[in-house]
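In the two assemblies presented below, chain A is common to both, partnered first by chain B and then by chain C.
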Partner chain A sequence: MSRYLIRRILRGLLTIFISVSLTFFIVRAMPSDPVSLMVSPQMTPEAQQAMIEAYGLDQPLLVQYGKFLVQLFQGNLGTSFSKHIPVTEYLLQRLPWTLMLLGAVIVLVLGIGIPVGVFAARHRGKWGDRVVSVMVTLGISVFIPFISFLLLYLFAFRFKVMPTGGAYTPPKGEGLSYVLDVAKHLVLPTVALAVTNLANAVMYTRNGMIDVLHEDYIRTAYSKGNNEKQVILHHALKNAMIPTVTVIGLQIGVMVGGAVVTETVFSWPGVGRLIYDAVNALDYPVLQGAFLLLAVAVVVMNLITDLVVAWLDPRIKLGGK
Partner chain B sequence: MKKRKSGFYYFLHNRNGMIGLCGVMLIVLIGLIGPILIPKPEGYSTDILQAPSAAHWLGTDGLGLDIFAQLVWGARTSLYVSILTLLVAAVIGLPLGLICGYTRGILSDIIDAVVDIFLTIPMLPLTIIMAAIMGSNITNVALILGIFSWPSLARVTKNSTLKIKEMQYIEAAGCLGIGKARILFKHVLINASGPVFVNLTLVMASAVLSEASLSFLGLGDPTTWSWGTILKRAWSANAVITNPNPWWWWLMPSLCIVVYVVCFNLLGTALNDTLNPKGR
Partner chain C sequence: MKYKRVLSALLAVAMGVSMAACGGSSESGSTSASSAVSTSQEASAPGVGGTLTVGLNANPVSSNIWVQNDLNSSVIMNLVCPNLVTMDETGNKYGYLAEATSNEDCTQWTITLKDLYWNDGTPVTAEDVAFSTTYGVEHQIGFFDSYYGHVASTEVVDDKTVIFNLESADVNFFNGGFYWIPIMRKSEFESVTDPLNYIYSGAGYGPYYVDEWVDGQYVSLKRNPYFTQANDGQGAYLDNILFRVYTDENAMVLALENGEIDVCANYISANSQTQLAANEKYLLTTVDGLGYGQLSYSQTNALLQDVNMRQAISMCIDREALVAVGMNGEATAMYTPISPVYQDFVASNIQQPAFDTAAAKSLLESNGYADTDGDGILESADGTKASFTVSYKTSIQNVDNVMEILRTGAAQAGIELKLEPLDASTYSAKVTNGQTFDISYSIWGTIDDVDTTLYTCYGIGQTLNFMQYNNEEMDNLLIAMKSEPDRAKRIEMLDQWQQLWVDNMPSAMTYVPKQTYVANTEKFAGFSAVLGNCGYLNCAQAIGIYAK
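On to the complex of A and B.
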């Protein structure tokens, strides 16, 4: 277990390091002057000079790289051009909203995707399975703004049962009514972002389940007198879920990218919407910081899915794979 | 010779594949010929937010510009972006994938690790940074998308190369004294082409999705029409939730994107089924 875990953590750290280096070199490789990308022209000359010195922007590339890493390690991502506050502070205000959205998506994907996948596997080839597979094909090629627009049009505009955007109805309430209000605002963005992952989860659970149901130990479980429900819940499901969880882990990077678009459409106040605002304000420090934060989030979530896979598949712990 | 004929035969009789192929050919035709016949929608006119009619087949937008003309011009942009992205991804990804699968050693390990890491990093935010810094111009966007699309292609190429290099005919070719490079390109690559073709169609489909997302976020080229740009304009004008609703403005470009992606996916699946004899 420990060797597997250490290898995964090392790879995660390497991924973060490469993301950091990418942002550094992308900014420097461009024909434009890095000073103009890191230091706002609206700052006072003293503040500008302090930034240039902190990042060594007038020094050789390697020195700059070292200083960049030191600043980053201290949690200093620069100052936002548009809000004039430290990027780190700005990002951390927004992070909980994005994590809430991603968490809701994962709950939806697991809570609906796995039962539907099991259903399709049990009714393989019958019309229930066919309906599911058509939905899956459509779900995989969906374009997030499109599904968002459809949801908004139907539920916010036609039937008027859902809010059109934002995370709560101002003024900000308190207690239970606030929680319910946020939950109501969370529904449409969650559904819009979950569709692709849901389709993937259904497909992989279905195929995984079909494979597992042919195994010898399933026949053994039946011959011991278990009924279908017991066999599926206690013997088949845990094994059938290995590919599903692996694929959810692989898709997390894509999901975070989708969150940028979803949060933009629904004015959800997370890191994604922040990226949209930063693009329009040409706020480069915020863009870089947001990318790094999302990269770290992806690495952490990947690590969690790796742990879940190791729990589902004990062979991994022994170093077999 | 006989075998090739039968592969083609299977492709012609794959219903989904033919639907995909016809769809792709139609889009290519529209993208190539449409902009010659239909003038580029520019400026503004007085026919604001007209519903679909004989004069404006798919209605008009908030500036009174014809949506159908915008979609036709957008088809050309989508094709251009997909093809350029595909070329960049193939030039980087194919050789790296072949090397990674065919050789054993430090180089192959490094490529493998880099591909692993690039597949984890959230790509959309990274392309957003690059597009914001490089400036929104359709060629830049396609180059950026290509630079970040190669890892999946390299991985797929590596996996099929790994399988093929264990085959006896590759060993036989080695025994005959044929050079490594020739074996790699003439014998391995050709036989690994099934999954590689599928991945190439996926790259083309996802390039259009990414370009549309970038345009939607305001990083599109302001001088050309793309389906994402039309959506962005519709969204900025609150077209989805205003009354009366100009549904044609946001629905039509969305449908174009979905049809494009579905056609490429169908084509890719059919190619896989025909190029891989076990799938027939």
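On to the complex of A and C.
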């Protein structure tokens, strides 16, 4: 187990290293630089040169890369070109909002997706299962900006029961009223972001459960006198959850990097909107920091997913032995 | 089958609702295009009080406006640290918070501040003004060197008066830097060694100061009680202005409609205007932008070195179609070489070649061009086809329609325009930096002080002369204008330059994009907008907004 963990962590670190290196070169392969976006008739060539030097862009690419790696090993992600604050600080300002959105999505996905998936599997081929299947198909194929604007139009504009954007109504309140205000702002982006993930959770749980319900040990459980509820909860669900956990685990990793579209439409101040702003401003350090965060999240979630799957199914031996 | 029908109906309803939400309303309605305050704004006598909530379409980056020039930060900070110079509705600049005089040859400028106070009650002094210019140049901040790099010395005469001695004549010294760069507070910045990474306190000498700046969410401004340059000494009417960020325009318009915000800081699209125009509580004001569309002919292309070819292409520009069809009426046709926004400079009405594709073709044919292979494209005497690539940014409003109109017009004259849409970065690399293009199409952001700024665009070897145009006669006129103190004489010289420009057509102008701003007048009145990028929130106008 410990050898497996060490091996996985080392492989994860290698993945992160390759990812941040690729990010470093890809953002610089873009055919322009931040300074050229700021050029205006009023700026002298000397001022432009000063700006290039201030951003460290006058150095050869490999020198920039070397400096970047040294800083990275020191835990320094550099300074934002546009905001002029340390990238780590910038990311840490935004990360809690993304984690909050992510947490709400996970609660929604697990709280609704698994019971609905089990329900559909138990009623396979019947009316309830068909409705669920249609909803799953819609959920998987829906275009997120479409559902986002639909939600905004209905609940923010037509019924006026939800706010249009932001994380809370300024100025920032205190106590319970603040918590409730944030919760209210959280609803629409959570629903918009959860739709696809929820559909996936339902689909994988349903299909997993259908497979498991045909296993011999389930028949054995019934023959021992267990009722349907006991069989599903104590014998079937754990095994049926393996594909669901795998898929959700990977999705969570990606979502930490930011739900760019959702956060942009709902003006949610998370990492996704930070990436959107950073792309527009060609803010290399912020982009590098955000993609590092994404790489770490994916690697960590992969590891956690493997551990959870191994816990769910003891037949799976970590390390393949 | 029954399920499918129900599902189809639900989908149709959902799509319809969503289209409406996305601004694609089919409701017809004309957009108000007036700079006057509408009747819906009329209300009881204005008084102090109220919080105006404003929507921004992007995250304002920083209150350190001296090093950061994003539009939304500028909109906010123009209320906190306004520029001493502003612009009126005819495109003329005037001293808003200071007055200036110069000596005869414009090498010495005396600037006198009006009564201005920081929000803690301490006065803004001539020391602050002098400090700002020297500090910015010393620390190589943004545009400081362009505007103040030629300042030889400054003399603080008294608390409100400062004299700038220049190394060379500059007729637009006051109108230039003081229109773009606000005053820095000496007591705050004199100890700052790294202004690039400095977080500004938010102190203001304008009608407001920064109370709270929460990145990515909102900015709260409070009324500066010591600001007296408005409303007969009362200062601004509004107690607070709250800026909220909506990164999607459709979401911002919905926020306006459901009352979350009272006004949009940024101009809105034609679709959004249509959506709002039918409701009279929304005041829509349209102003011309300070930039314009321009086709630039690269002198690295042999055919484009031929003035006849440049003239011919310029005769293929159907400006009426560009405005009416290409821009859905959201632009003003530009027939003069200089934007019609600057009324004094286009009074001579020197015009670009008129739209006439037949005449364009005749011009080329009479100068040796012919379609020898019958493909509809003319060839020069050496067999080179009159075929050019037009590079342009995809981010330009309605650019596909505009390009198609240009391409069609040129085709009628036997000139092939191959369209090359590029993202902003690639465009910069290819056109402004790389200068490896045939023809480029761009929308200038702001070209002000045209009598001196044009040199940057057309002067030999100048930064923005990326078409590499080289005409000494025109160059000499531009250089002479920079040191001619008499404005009437400068206008005369500019007329000469415009005539030379029309004769040579180094580039061609298309239209001035319009900018339409919107405000909800249910709770607030006093909205008006002038030229510039701040819409209703330009400081000199925003101080007139009050709660009903």
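In the analysis below, the second predicted complex is superposed on the first by the 261 of 321 C-alpha atoms of A that agree within 3 Å, B and C clash if a C-alpha of one lies under 4 Å from a C-alpha of the other, contacts with A are read in each partner's own complex, and residues count from 1 in each chain.
Throughout what follows, a residue touches a chain if its C-beta (ideal position, glycine included) is under 8 Å from a C-beta of that chain, and two chains touch if they have at least 3 such contacts.
Bear in mind the structure is a predicted one, so any value in this text is a computation, not a measurement.
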**Prompt:** Thinking of the overlay built on chain A, is A:Arg11 touched by chain B (first), by chain C (second), by both, or by neither?
**Reply:** first
**Request:** Please indicate which partner A:Asn226 is in contact with in the superposed arrangement: first for chain B, second for chain C, both, or neither.
**Result:** neither
**Request:** Look at A:Tyr153 in the shared chain and tell me whether it touches chain B only, chain C only, both, or neither; answer first, second, both or neither.
**Result:** both
**Asked** In the superposed arrangement, does A:Gln71 touch chain B (first), chain C (second), both or neither?
**Response** neither
**Item:** Touched partner set for A:Gln251, first chain B, second chain C, both or neither
**Value:** neither
**Prompt:** Looking at the overlay, what does A:Leu22 touch: chain B (first), chain C (second), both, or neither?
**Reply:** first
**Asked** Taking the superposition as given, does A:Thr264 touch the first partner, chain B, the second, chain C, both, or neither?
**Response** both
**Item:** First (chain B), second (chain C), both or neither touched by A:Lys83
**Value:** second
**Request:** Would you check which partner chain A:Leu294 touches, where first means chain B only, second means chain C only, and both and neither mean what they say?
**Result:** first
**Prompt:** Common interface residues of chain A with chain B and chain C?
**Reply:** 30, 32, 37, 146, 149, 152-153, 156-157, 164, 264-265, 276, 280, 282
**Residues of chain A defined as touching chain B within the complex** = 11, 14-15, 18-19, 22-23, 26-27, 30, 32, 37, 137-138, 140-146, 149, 152-153, 156-157, 164, 250, 253-254, 256-258, 260-261, 264-265, 275-276, 279-280, 282, 284, 287-288, 290-291, 294-295, 298-299, 302
**Request:** Can you check the complex and tell me which residues of chain A touch chain C?
**Result:** 30-32, 36-47, 50-51, 54, 79, 82-85, 93-94, 130, 134, 146, 149-150, 152-154, 156-157, 160, 163-168, 170-172, 264-267, 269, 273-274, 276-277, 280-282
**Fill in**
Note: in the complex, chain B contacts chain A through residues 113, 116-117, 119-126, 128-130, 132-134, 205, 209, 212-213, 216-219, 231, 235, 240-241, 243, 245, 247, 250-251, 254, 257-258, 261-262, 265
**Prompt:** What part of chain C is in contact with chain A in the complex they form?
**Reply:** 3, 7, 14, 17-18, 20-22, 58-59, 61-62, 64, 67-70, 140, 142-147, 149, 176, 180, 196-199, 212, 214-218, 220, 242, 244-248, 250-251, 254-255, 257-258, 260, 424-426, 428-430, 432-433, 445, 447, 453, 456-457, 463-464
